[in-house]
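For clarity, chains are labelled A, B, C and D in written order, and residue numbers in each chain start from 1.
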Amino acid sequence: MKRIGVLTSGGDSPGMNPCVRAVTRTALSLGLEVYGVHRGYSGLIEGDMEPLTARDVGGIIQRGGTFLQTARSAKFMTIDGRREAVRRMNDRRIDGLVIVGGNGSLAGAYELHKMGVPVVGAPGSIDNDVPYTDMAIGVDTALNTMTLFIDMIKDTASSHQRCFLVEVMGRNCGYLALVGGIIAGAEVTVIPEKPITVEDVAAAVEKAYVRGKTHAIIVVAEGATPKTQEIADYLRQGTAGFEVRVTVLGHVQRGGSPTAFDRLLATRMGIRAAQALAAGEFGKMVGLVGNKVELIDLEKVASETKKLDLALYDLADMLAR
Amino acid sequence: MKRIGVLTSGGDSPGMNPCVRAVTRTALSLGLEVYGVHRGYSGLIEGDMEPLTARDVGGIIQRGGTFLQTARSAKFMTIDGRREAVRRMNDRRIDGLVIVGGNGSLAGAYELHKMGVPVVGAPGSIDNDVPYTDMAIGVDTALNTMTLFIDMIKDTASSHQRCFLVEVMGRNCGYLALVGGIIAGAEVTVIPEKPITVEDVAAAVEKAYVRGKTHAIIVVAEGATPKTQEIADYLRQGTAGFEVRVTVLGHVQRGGSPTAFDRLLATRMGIRAAQALAAGEFGKMVGLVGNKVELIDLEKVASETKKLDLALYDLADMLAR
Amino acid sequence: MKRIGVLTSGGDSPGMNPCVRAVTRTALSLGLEVYGVHRGYSGLIEGDMEPLTARDVGGIIQRGGTFLQTARSAKFMTIDGRREAVRRMNDRRIDGLVIVGGNGSLAGAYELHKMGVPVVGAPGSIDNDVPYTDMAIGVDTALNTMTLFIDMIKDTASSHQRCFLVEVMGRNCGYLALVGGIIAGAEVTVIPEKPITVEDVAAAVEKAYVRGKTHAIIVVAEGATPKTQEIADYLRQGTAGFEVRVTVLGHVQRGGSPTAFDRLLATRMGIRAAQALAAGEFGKMVGLVGNKVELIDLEKVASETKKLDLALYDLADMLAR
Amino acid sequence: MKRIGVLTSGGDSPGMNPCVRAVTRTALSLGLEVYGVHRGYSGLIEGDMEPLTARDVGGIIQRGGTFLQTARSAKFMTIDGRREAVRRMNDRRIDGLVIVGGNGSLAGAYELHKMGVPVVGAPGSIDNDVPYTDMAIGVDTALNTMTLFIDMIKDTASSHQRCFLVEVMGRNCGYLALVGGIIAGAEVTVIPEKPITVEDVAAAVEKAYVRGKTHAIIVVAEGATPKTQEIADYLRQGTAGFEVRVTVLGHVQRGGSPTAFDRLLATRMGIRAAQALAAGEFGKMVGLVGNKVELIDLEKVASETKKLDLALYDLADMLAR
């Protein structure tokens, strides 16, 4: 192996930059050349890449987003698209790839692996829905951003005796919402994995009012049932006490300078990924298991779904009193 | 004058706490007793108030929102409601009032003044729509919150080559949007005072793409024409280059620890308001004129509308290149 | 067990408040009464404590420091002092204690345990020097505060082509400095566990200059050899290229609203500590092992010293290129 | 005038980047070419400069420091140095200069003006010691950074019943300390313009303790009499109640992303400076007077000293109760 590529794919997450920095500097120190591929698999197919030096990845550890840019590629979902990507890698003499991204991107990495391309993946996703890793790169930053916002919303909620529904990211996975609810001291958390009724939500809000709280916070994952708007409509009909307001955090959750945790995690994962590629350990994902970064078969990652630890849900419930 | 009341009214704004602190400590140092009235005019009508000592307003200078809470009172809009408020003030021997709030609250203050109640107002509003003051308490914090968010959104916008529409507060007044657009380096700013067409917006976005920008930011005031959603729909039909995303900043703009500017402004205004009340200068609002805090007749404040300085709009346009 | 006490002891760390909140609400939900003891072991000896309700610990999850206050007690270091503390607990019918603090405080907890007092400890320390737990409460917040500062210092360092020595906390333990160095992209990190010479430091700075960097950052733990000032003096004599500046982060590292990680860790530890006490599992410390919160014998905690993982040091060195 | 240069000089201040951006884009829109001069007057003497396009100043509005870098030049203090600078400008056909910096840099600008060089200055200084402008670029950001830090220090101060001496920048000018003291709710503020005795400081701290405060904050400007260390030594001998700690904020005060206020001020000043240069209004400084940006003769700026408004001092004193 003489030359490797590194790319970021799917939705961006804070920490992708320090990860690419660590991949690059580690690979260079192992005597490899490194190419940065732009816009994920799209750029791979189009051969949109350039060599990276140690200096090119200086000054990026604190930047949000990904300087390599990212994209979702429909073409890469087809076998023809992937063949084109492999041909292009051969043209540019790229011997191996490090891919930083979420479940879809890692499934793509596994497809390349099956075609014989040496790949190592790293989990980058604010949703924390990648299996076989306790945390993905970006989750901690997203949690802190959410915490900052909910703390701000509490200021105005308390001033007006309001009940705020705060919708956060998470289509299939309630991790962000659940942890966000705990650390923000929410009255109720509504997640896809634990359907509840609007009546349950209303009862919890009612209890908060009766206990004398000056505000109530409900954190709702975007993919949860019932939907944020349904809950708001129901609460507006009936709840005495609090006025009801809705706020949707939106894309801001993907931004921001990576936290200390994400910088360290991304750095450790990037180092391990580059080392694995150099050592011929292909078809793997670097995963955080306890406090160690370990290599997991991409096959397992691509074929399974991460389960949310619902014990946290019961904790949240007890604490909301 | 022996005993005064202080209340916060209307939408909360960051800096109301340091203002109440300054009113309280100044009045105490002038030998007055101070009562904190809860929930704005509603609390005044209900006699919901308690004495404040210097210690009661310790540790609040850094808190967002208002510890006195605030509300909008339909009852106070009626002459009967205001009479009840005045009666209640007499019961509690409150000789004068400092009222911190936006245009509606200050109009209410003027009504009390006409009924013979000694009042002094202070402008608290994140919209900066109170006339006769360069800045209202809370505007600077809201601008910084907006800046923080747009900087975060730029991270993810650049990573994906996206055009972001960011909707900010401002029903009738485009100040937040306009200044927010300048300080965030937005491509276009859409405000109520300066209607433009969706075609104009699209043209500006197109130009940014052609110039090689990796993202485009459009800041839209909530009361602007066209509406955020209309612009998004139009851009999605036609614009080559960028993907389009919408984010609505929402209530988070009211929260957060007050900035240095707002703490200082709120403190200076609170001091001046308490001094004015003690000196018998009634029916006034404290206003920031240049770098001085001056007394303005509430009559003028209540009868006029603040004009936005559209010279800023042209600056924004030139800078967006 | 009917009534328990909770106290924070030693240097404060961000996250002590959410920990006390979790202890309190968990214990209440298990049917116990909870007393908050003020000023650590000093307050225990003086009987300075009061009952805590679920509402008393509302609104504190986002506050830095510890609302119970903390202190170092010379008296408690003596057997007479500890006897007085136990007598006072009996007077107030306190059947067990949760103690949140660092190594000294946990050693004190072990002494009480040997005297027959039911105790459970939780590690609260920004230094991450408590053995048998991957992370102590407060470390993550301190790392993020440090990151924020060093990012700010880099702005001015780059503007002036300067080499900055940043001294951070850590008398015996270089964890904060080492991780801080990695996440801030420092050129060199100087820690107690890995003595180096001023010549080594100067060589690393020289290399950074030659590579074309516009600044150099050196992170120094306060207990390291050589001392910050020695390094600065040496660099000032000889290094071409950069001007040298020193900054000492100081007590600000203990402050700040706890991060998401610390709120969650503190909450999980507080819950487990209260459950352990209620279940009769005494003489233990709650520790983070991998991603689980487990019970560790206080005897082991009190008798051992945490080792720093020096593999991180070599990573830091490779990345600094 | 066909081609202008822009440079930043002296100590860096947050907002220099948006100022250079505004100068550049305004000048370009007026049909001028723009050169960015590196490292202040040093770079001018050495001819270290390069053309700036609208794109070159994209993405810098949120960056702290100055991307043009800055320096203090001993050579430029001599007439020979300045002659060399002018010769170099002629070589590169630079017809005029915008200079962003503090008092020393603006005095240098006035020297160039007297030699016939068309110059316009803009005040960039965190100390707010430039006369004829209410605020210099960078002051607001420095105040907010200071506020953030002191709020963090209060967390730990309250937890331990401590008195903190916080030393902030300000050799000759106590503005930062004075306003910082007001917005942080300090017990005492010690500034060069208002010498007090250590006994006065001790008395104020004593009073705070007696009133039941859980901490005391003393803000000290670095150039004040008595010095921070003297005050600390005195307090440690005598004061009952609080433990005494010292923290020096240091260079971190120069860093950080510019606030909304500084971005807007820097933008307005940059625009006006470029317009003035293009219109032939030379030998001026742009200054904030009330809420207007006006042109002031550099001669007046260079020959006078800014006076601190000591009315603020009395306010601070009254509020500290």
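Here, a contact is a pair of C-beta atoms (placed from the backbone, for glycine too) under 8 Å apart; a residue touches a chain by one contact, two chains touch by 3 or more.
Values in this document were obtained by computation on a predicted structure and should not be read as measured data.
Of all chains, the one whose CA centroid is most distant from that of chain D is A. Rounded to whole angstrom units, the spacing between the C-alpha centres of chain A and chain C is 28. Centre to centre, using the average C-alpha position, chain A and chain D are separated by 40 Å. Chain centres here are Cα means. That of chain C falls 35 Å from that of chain D. Residues of chain B in contact with two or more other chains: 151, 154. Applying the touch criterion to all chain pairs gives A-B, A-C, B-D, C-D.
The residues of chain B lying in touch with chain A in their complex are 8, 12, 14, 16, 39, 63-66, 69-71, 145, 149, 151-156, 158-161, 164, 214, 245-248, 250-252, 254-256.
Within the complex, the chain B residues that touch chain D are 18, 21-22, 25-26, 28-29, 54-55, 58-59, 61-62, 134, 140, 143-144, 146-147, 151, 154, 179-180, 182-185, 211-213, 257, 259-261, 263-264, 267-268, 271, 289-291, 315, 318-319, 321.
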